[in-house]
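The two complexes that follow have chain A in common; it is paired with chain B in the first and with chain C in the second.
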Partner chain A sequence: MKKNIKKNLCVLRELLYLRIHGLMVFRFDFFAPFFVDGSLFLIQLLAFRVVYSNVDTIGDWGRGEMILYIGTFSLLNAISMTIYFFGVNSIPYKVRSGELDLYLSKPVSPLFRLTFENISPGSVPLIMMSICIIVYGIHMGNIKITLAGVIGYLFWIMIMAVLYYEMEVMIRSVSLYVVSMARLEQMEEACLNLCMKLPGIAFYGIYKIIFYLILPYGIMATLPVQRMTGEMNWQTAVYGTGIVFLFSVITAVLWKQGLKHYNSASS
Partner chain B sequence: MDHTIIRTENLVKTYRRYKKKEGLRGSVSSLWKRDYEEKTAVNQVNLSVEKGEFIGLIGPNGAGKTTLIKMLTGIIAPTEGKIDVLGYYPNALKNAFKKQFAVVMGQKSQLFFELTVNDTLRLFKEIYEISEEDFQKNKNYFVELFGVRELMDVQVRTLSLGERMKMELIVALLHNPKILFLDEPTIGLDAVASKQIRNFLKEINREKGTTILLTSHYMEDIKALCKRTVVMTHGAKIYDGRTEELFEKYQKNKKITVSFDEPVKCIALKTFDAALMENSPYKKVYEVSRQSAKDLLTELMEFGTKDIAIEEEEIGVIVERIYQEGSDCHE
Partner chain C sequence: MSKYLEISKIYMKTQLVWRADVIFNMIFTITKILFAYLLWGMVFQNTERIGQFTFHGMLSYYIMHSFLSQLEMSEGISGEIHDRIRNGTFSKYMVIPVGIEKYFIAMELGIVLFYIVFDFIAAVIWFFVFQIPIPFAAEGFMIICGAVMTVLGMLFMVQLNYFLGLLTLKYQGIGTFLMIKNNLAALVMGSIIPLSLFPEVIVKMMQLLPFYYVTYLPAMLLIGMCKEEAITGLIVITCWCLIMQLIISMVWKKYIRKYDGVGI
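After this line comes the complex of A and B, so read on.
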């Protein structure tokens, strides 16, 4: 176990090194994400500002909590963009083209290599910007900061980043079973767009079942905010942890079974 | 002592493929009801390979060669039958198993195109957990063997196809694999590059004792390298034996193409078993038995030939002949 972790860390270091060197070959590709991602982020913020300038509260949350929520969702999104999104996103292409063959025949987890192969340093500023929004939200909502609150918040950010990752992998694992799965990616995008604008506390009835259980995008930023504001009760904490665990199992099974289904592409 | 490192028994791989009727009506009806057909890519293949062997796997397109290699490397799972490679079931995808073999696919690259080969080698050093000492030793050995020292710090995308294939082999051999699977390694290479690659493979098999399984469309590869050849067609194994015997027995003819400076209308040949396949004033193509090829060439030289090309029979013809002989025997 310890040896395996050490090996994976060494592979991760080399992947990061190769990625940075690869990006530096083309100067435009290296610098462009810093501007493009930043610009898209600012456009998104502008859209939120327009929406929430006319809304004072959603459920029990005021503007401060809402800004904290938007910052938290942006942070999760930025973590995904920086660390794993571009790698995981390439899975359907690698399955269709048969490139996955080269990952399966190497003595390192194919998913591990795919996940960390396309780390995007250009998305790091998004993390910084998200942190600024979080700080602004805390300040605006007069949210009381405690050490336990911050540690709890970071813990929930961490496990929700795992859930975010699992959702991405799960959706792309479908490509191991069926040839075309573009619509699923569109659905993922639509759900993310909706849940980035509306916190989980806004959902009721069937929508709550959909966004808390079936496609749990609704809890991803809601739970860390609830922890920070002190609203989280133990039932919610258990539920959140359970969902992450459940989706970890489903993702692992779907991926592993998918590899058994993999037929490669004819060459 | 049993030296068998690859063993398959009645190995089968079938694919299900969707069949659609022609036109819009077919497309609409396929939304509700789909017709599938089973395609058997590998059919009841029994194979055993001993340590240190250099085996050629030949057959026409769609014969099942690549599918067999993919099952042996664990990339895909077999549908039926037994498979054992180095004591493992390949599709279990155990890292301990994957550390002991390497696979090079002529049409898929494991190099990072924007970076140098040295950069890629560093990643593979970590993936295969090679010590720094072994890494340097192996790298230097292969770099010297392939004569590519000056290319190690060059961007991969600037390398020629032949140079790139040498690099693919270095990356694959860095961890001293017990088995090397090669799927069409000389595809698209010119004669010089192909010959170089063949020489390296021969050297590696001899010096390192690496067991090599090679699929190729080129007879030259198989003839030059493999003592044993397996011929496949329609997923089944139709020949498994000595390469020399295979070509002696089944490669019966040669194709001779002659071009002339001056137009030549008709040539009355003494060589009795030469058949004229193509006839034009400046070019004639003959098919002749291997025994009579020398006589025919001597005769043709008398007509002031500009150029002569001699070609071996293609894999397809040999496969057809083996197949024919098989059915004649059954009859």
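After this line comes the complex of A and C, so read on.
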């Protein structure tokens, strides 16, 4: 076990080195994710500022909670962009072109390498920007900060980042079973677009089943915010961890079974 | 003229190959309307009217806006020009006996004419699903103004995307800039929230820009609002189309010499 972790850390260091070396060739592209996603979330903030200039609360949430929500979603997105998005996003292409062969033939987990081979240091400012939005939200909402609240919030951010990762891997694992999965990626984009604008408290009935259970994008930023504001009860906490556990199992099974379905393109 | 009609017809037929895309484009328009339904549903629990909108008025706006913005498909033009200039295959357009800009306008026309039927069906379905009375403007004048403004707005967007694509002649990569432009366009064209909810000063500033007239004002006119802005809107967007055409001519003349083609 210890030997395995040490080996993976060495691989991770080499992947990071190779990635930075590659990024330095196209220097403007280095910060592209920051400019693109940064503008997206700033526009989101501006839009909600306009909505709140017309109303005092949306549901039970005031302006501060909504800013905190946008900052939290932005943080989850930033973690994804920095660490694994560009690697995981390339899975369908590598399956179609047969390039996955190169990953399967190396003495390291293919998913580990795919996850970490395209780390994006240029997205780190996006994490800083998200933290600024979160601090601003806490300030605007006069949210009482406690050590337990902050630790709880960080815990939920961590496991929701895992859920975010699992959703990305799960959707792209489908490419191991089918010829084209453009629709699934389109669906993922549509759901993310919806849930980054709309907190989970807005969902009810069938919408809640869809966005809390089937495609749990609705809980990703909502649960950390509820923990920070003290709205979270133990049932929600159990439900959230249960969903993360359930999707971990589904993702692992889908990926492992998918590799058995994979038809090499080169041999 | 007939050669451009042929281009439109070819692109119309080409869309038939992507039947699944058409259906999924129709289905995914629901996410925009669902966003409006859930968000504004919560907001309108405490109030009956926000700005000039009732809850049904707000949903009508989003459905109409979604219909019009689905038709605005010129985004691909800048990407196509960008890619072809970078890899040297833009020559494909330079060697055929058509005006390149007119080619893209004809292409856009063919695609829009194909999609308009399906997007209209989708809009009508959403009106029924969300049980909203179809709010078409009662006056023919507003419908005509809305339709003409939509056409001019789309023409402007084709020009804008063509112009942005040509900038690749000067700047090697504009991919990041195009993505930022798309994010900004969603806000200033009223896709996220209706522009009339912005502070008055900002609305006045936006009225000077062309984006106000691409999908926002046509959508408002078609649901029977903002009648007083119709004529000025038509004048402003026409002026912007002319200005953009001048800019395109200048940029073309100045930078086309920098292009290195391959495969001729």
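One rule holds in what follows: the second predicted complex is superposed on the first by the 235 of 267 C-alpha atoms of A that agree within 3 Å, B and C clash if a C-alpha of one lies under 4 Å from a C-alpha of the other, contacts with A are read in each partner's own complex, and residues count from 1 in each chain.
Everything that follows uses one rule, which is that a residue touches a chain if its C-beta (ideal position, glycine included) is under 8 Å from a C-beta of that chain, and two chains touch if they have at least 3 such contacts.
This is a predicted model, so every value here is computed, not measured.
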item: First (chain B), second (chain C), both or neither touched by A:E99; value: first
item: Touched partner set for A:V108, first chain B, second chain C, both or neither; value: first
item: Touching partner for A:A47 - first (chain B), second (chain C), both, neither; value: second
item: Partner chain(s) touched by A:N263 [first = chain B, second = chain C, both, neither]; value: first
item: First (chain B), second (chain C), both or neither touched by A:L198; value: second
item: Partner chain in contact with A:G22 - chain B first, chain C second, else both or neither; value: first
item: Touched partner set for A:C10, first chain B, second chain C, both or neither; value: first
item: Overlap of the chain B and chain C footprints on chain A, listed as residue numbers; value: 26
item: Residue ranges of chain C touching chain A (in the complex, touch as defined); value: 20, 24, 28, 31, 34-35, 38-39, 41-43, 45-47, 50-51, 173, 175-176, 179-180, 183-184, 186-187, 192-193, 197-199
item: Chain A - residues contacting chain C, complex; value: 26, 28-29, 32, 35-36, 39-40, 43-44, 46-47, 50-51, 53-59, 183, 186-187, 190-191, 193-194, 197-198, 202-203, 207
item: Sites on chain B touched by chain A in the complex; value: 15, 66, 70, 73-77, 91, 93, 95-96, 98-99, 101-103, 105, 107-108, 110, 112, 114-115, 119-120, 122-123, 125-129, 155, 183
item: Chain B-touching residues of chain A, taken from the complex the two chains share; value: 7, 10-11, 13-15, 17-18, 21-22, 25-26, 98-99, 101-102, 104-108, 259-260, 262-264, 266-267
